[in-house]
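Shared between the two complexes below is subunit A, which has subunit B as its partner in the first and subunit C in the second.
Showing the complex of A and B:
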């Protein structure tokens, strides 16, 4: 019961302010697409081009949700998520991992790295919006 | 990832004569101390005959800086045989190794060419995506045409989407007709429409 109240409080608190999403993907078109969909849904969107930049931005700015691609140069999504989950300052931020890879083993690896949800590309707008709202706990 | 691009040769990774013989350097390549392995990798640049031994070290190398130096040494070799070994890493479950192989292959231009058709017709769509990613940064005159071929024929939506992304960077006006045809082929896919619109806009300079 207490957990439920806590959850309700979190949803209300996030709803009052504008929910912030960090999109981490090396593909410019992917980032533009996520931004377009999520901003239309009412989110504020920031972008990072690889896992290292994403991790550093997550440390500096508070985000309500991370959308993280897996295959990226410099630092891949798995490595970024492992760093996020091992850092007390940001370990609780919800994260959705996205990849072209749809094998069961890829999904398992994403969850093992710390993802709360997994989406396979190409991501459809309604699916992205619904998942972002659900995982971020936002009633936009 | 490699430490330097091939076009940015460091004086430390040049082709100066080395006092150490090949045998000693190959022993050092598996030394316990990472600094010794890194030094050996750097010195092996001048020994093309050691390229396969350097390739063999990539999978087992645990130090990121040593691995980066191994890749740097291989980029300097630029041979189709080395490219062929790096291509095999595109199937690796080791994501940093796979990504570093992609970056290295992007810097190997003509050495990669003999492997392109095989990669683009691979049965694994993820390997074809990695091939497209390589082509997008290969700086080869035929790269746009190879990517246009992907757009015309590849059945997988994510492979085509990767090719659209690459063509947005290096494609000319002649690929617009292929992009328009792709829009019809994947009619109903919202992301593909978005990607094609964005690519066509960039190619037209909008």
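Showing the complex of A and C:
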């Protein structure tokens, strides 16, 4: 516990102010997983349940990183990322797309839609932390 | 149960299964309903994603197979027949059962693997024959890639050489690691046979996963083996072969150079120096056949155990390629020249284009050694910039990549030099309207020449490999308190109940204020104090009422919670009976208290089954009376004052009152005299009487010897009532009226036994009348009076409760206060001392030793602190 605390402090001291992550996934279990892993790593986590909500939240609050599922109701991850990338106010926010598929074409599709990185489900906690930290610019 | 994550998963899985099942039923009716297809697919897809966080391979495998089938349906490659829907519903049921297991025990039930395998096979047979090949890739994605192959060195050199040679002539090398389940022998798996079916197997190493136990402790039926193999087969072929054990195996493409490892004893013979001198010019000249001859000759002279011999053997293998790699050839010749150092694995000198090192070791870059994840992040940015995008997208694309790389540099703690170089490159790219400067810088950092998009994508696909893939970890990770998702709060019912009880206490305490006000006035003589207390009471009263309705609203659920299971039920039952039935649900959003909703389930089930089984005629019968062959059952809910009404209506044959009368006579439920006097409507209502069942024969579905009285009991327990109306040949309506909430009971307070107060539930009360003593008729021991042409038996509540009858004449007139109540369809007059007011009370059932007292349903506190006993008339009469 102490170790965790000191690690948190280090993160706050060395990096820019606490990094904020928006998790966009329709699966409540997935969201809970992201939240617990990322909060443990010192991130502030917000959640959205579909692309539409994710896009709206990204417009309202400044985020350092978006983690976006692909297959979602109402608006999928691709559409959301395309909207993000065509909006001058938020287009620079780094984004990681996540899905169960692992084909090269899936990766390319995610990149084309605007992702900066692609993770395949099930995501490993340590890898998620590493990727989020590096892409959101948080030093260990 | 397990972790919060697991609990959350159980809840989510149930919701998803329900959603999937509903969408499936819509689909079955309307196969082209795209929204429904997407719904069911997405539900199953999300479920697959979620279960992947845990270690339930049987579960994962089955859901995955289900997703494959649904994906084929979605893509129009597979028609959704009723049989297929049956299979899919079975799968959903099975998965539901597993979710229950997980909820209860945190694990799947015994035999889950077998069930999963059997059902997976059933699903796969539904897929078109050529679908497996086309769909091999998702299986591949699922099989998981083996990214850390640290056991290549343990493979004997000869086997590595043979695989290497195969690779040199263009074969695709795969490393396979397969750890069968402990009980795999029982499910008919034979790991060895699987490998022997692989055509081009170069190496197979079988090891125990744990040290062998002593002979006495050894269980020969438990598989504790790990299989590691090298095969020169395309991944698709391997995956097809291992398709039923995908969760237990991992495969990874192996680049040939990873196999190269030169080992052996040193030797300082000058002959090697000569060879090296001879070989170098040949390499420069590209004269491979001459070099090959030289290598062959020297190999003959060298003792096989020497390092040089090993290097020569590898060199020979490298040279089998049509166009040998100069880098490798030189490295091996260097190795022979130096003759001392072991070399393994050999670094590729000119990286073959499709090779991204996938070992956990730091990746050398111009930025220093980076972790594989770090390198992949940079490579991804490089790939993104390399995508051919419309010019308009360039600026926005460059923005996010620029930010990502900046962040990356910051988080890796890299110096200002890199940051400056990067922003310069980005600025240049912006100005030029071309990503080239940024791409060049990234390539420079990554030590890559030329375009390697493919390689990067391959590398990204391998992501996640630098950790051992232990799935349960994901769940155990969450020891600490976790903030819940916003918007919808799932609260433990006990907490809401606790709130409900508290508000109940508050209401009661509040009721004592008027008494206090009265005392202030009468005893202490302070009228002003009395008035203030009354004002305060009014405020508290309003707040308490608002609070009470707010808390009750929390407990309200839509009726659809119950209704949602009926489309499935109706479909199954109708199919079984070969009847065509359309179920129409109306008013699913009508809300009622959770307890009410829950108490509705079983009675409704019974009524709907009855309607389908007995009410609806077969198609032939319907045709004979020129009704549409498609019968309709309506399930309707609406609110009527403070009651929620549920109606089950069918357009079937209706209930024949004559038949009911005959049956009731035969069973002795009524006598002939009464039968003659019964109206048709009254006759129909006889079905509600206990022990009555009209089913000519007891069918499998309904009428298990119990009739509608089960329904009546269930509904009355919840404080509701049931009525049946029917028209022969046109259909039947069963109507359930239930209170909106069980939390508050409305009672009428009466005096009996000389000033004692009793509460009688309002549902039973028909009316209050005052009967003149002269109008009370005595029949032997019993009394009765006439109420509008009907003879109503009269019972004195005092007697009923064993109290002494008071000689008391109400308000002095010669009239008695009679409460007319209806119990079990019969009217009874209850003679009481006096009527008091009607009121809402929070009924507390007796507990402890009092709970066995018959005749009372509980007690409630009155505002003045007195206890009101609430009577249970059904038990009393």
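For the reader, a short list of remarks on this structure follows.
Simple rule for what comes next: the second predicted complex is superposed on the first by the 124 of 140 C-alpha atoms of A that agree within 3 Å, B and C clash if a C-alpha of one lies under 4 Å from a C-alpha of the other, contacts with A are read in each partner's own complex, and residues count from 1 in each chain.
Going forward, a residue touches a chain if its C-beta (ideal position, glycine included) is under 8 Å from a C-beta of that chain, and two chains touch if they have at least 3 such contacts.
A quick note: this is a predicted structure, and the numbers were derived from the prediction, not measured.
Partners subunit B and subunit C clash in the overlay (superposition on subunit A).
Of the two partner chains placed by the overlay, subunit B and subunit C both lie in contact with A:32. By the touch criterion defined above, A:74 reaches subunit B but does not reach subunit C. Set side by side, subunit B and subunit C differ in how many residues of subunit A they touch, and the one touching more is C. By the document's definition of touching, of the two partners only subunit C reaches A:40; subunit B does not. Looking at the shared chain after the overlay, A:122 reaches both subunit B and subunit C. When both complexes are overlaid on chain A, the residue A:111 reaches subunit C alone and has no touch with subunit B. After superposing the two complexes on chain A, the stretch of subunit C that clashes with subunit B is 472-480, out of 184-192, 472-480 or 508-516.
Across the two superposed structures, the residue set of subunit A contacted by subunit B and also by subunit C is 27-30, 32-33, 36, 71-73, 100-101, 121-125. Of all the residues in subunit B, the ones that touch subunit A in their complex are 1, 95-96, 98-99, 102-103, 125-126, 129, 157-158, 161, 164-165, 168, 189-192, 194-195, 198-199. Those residues of subunit A that touch subunit C in the complex are listed here as 15-16, 26-33, 35-37, 39-40, 47, 49, 64, 69, 71-73, 85-86, 88, 91-95, 100-104, 107-108, 111-112, 114-127, 130-131, 133-140.
The part of subunit C that touches subunit A in the complex is made up of residues 4-5, 8-9, 11-12, 38-39, 42, 45-46, 48-50, 52-53, 137-138, 140-142, 145, 371, 373-374, 376-377, 380-381, 383-384, 387, 389, 393, 396-397, 399-404, 406-408, 410-413, 454, 457-458, 460-461, 463-464, 466-467, 469, 471, 473-474, 477-478, 480, 482-483, 485-487. Against subunit B, the residues of subunit A that register as touching in their complex are 27-30, 32-33, 36, 70-74, 76, 78-79, 100-101, 121-125.
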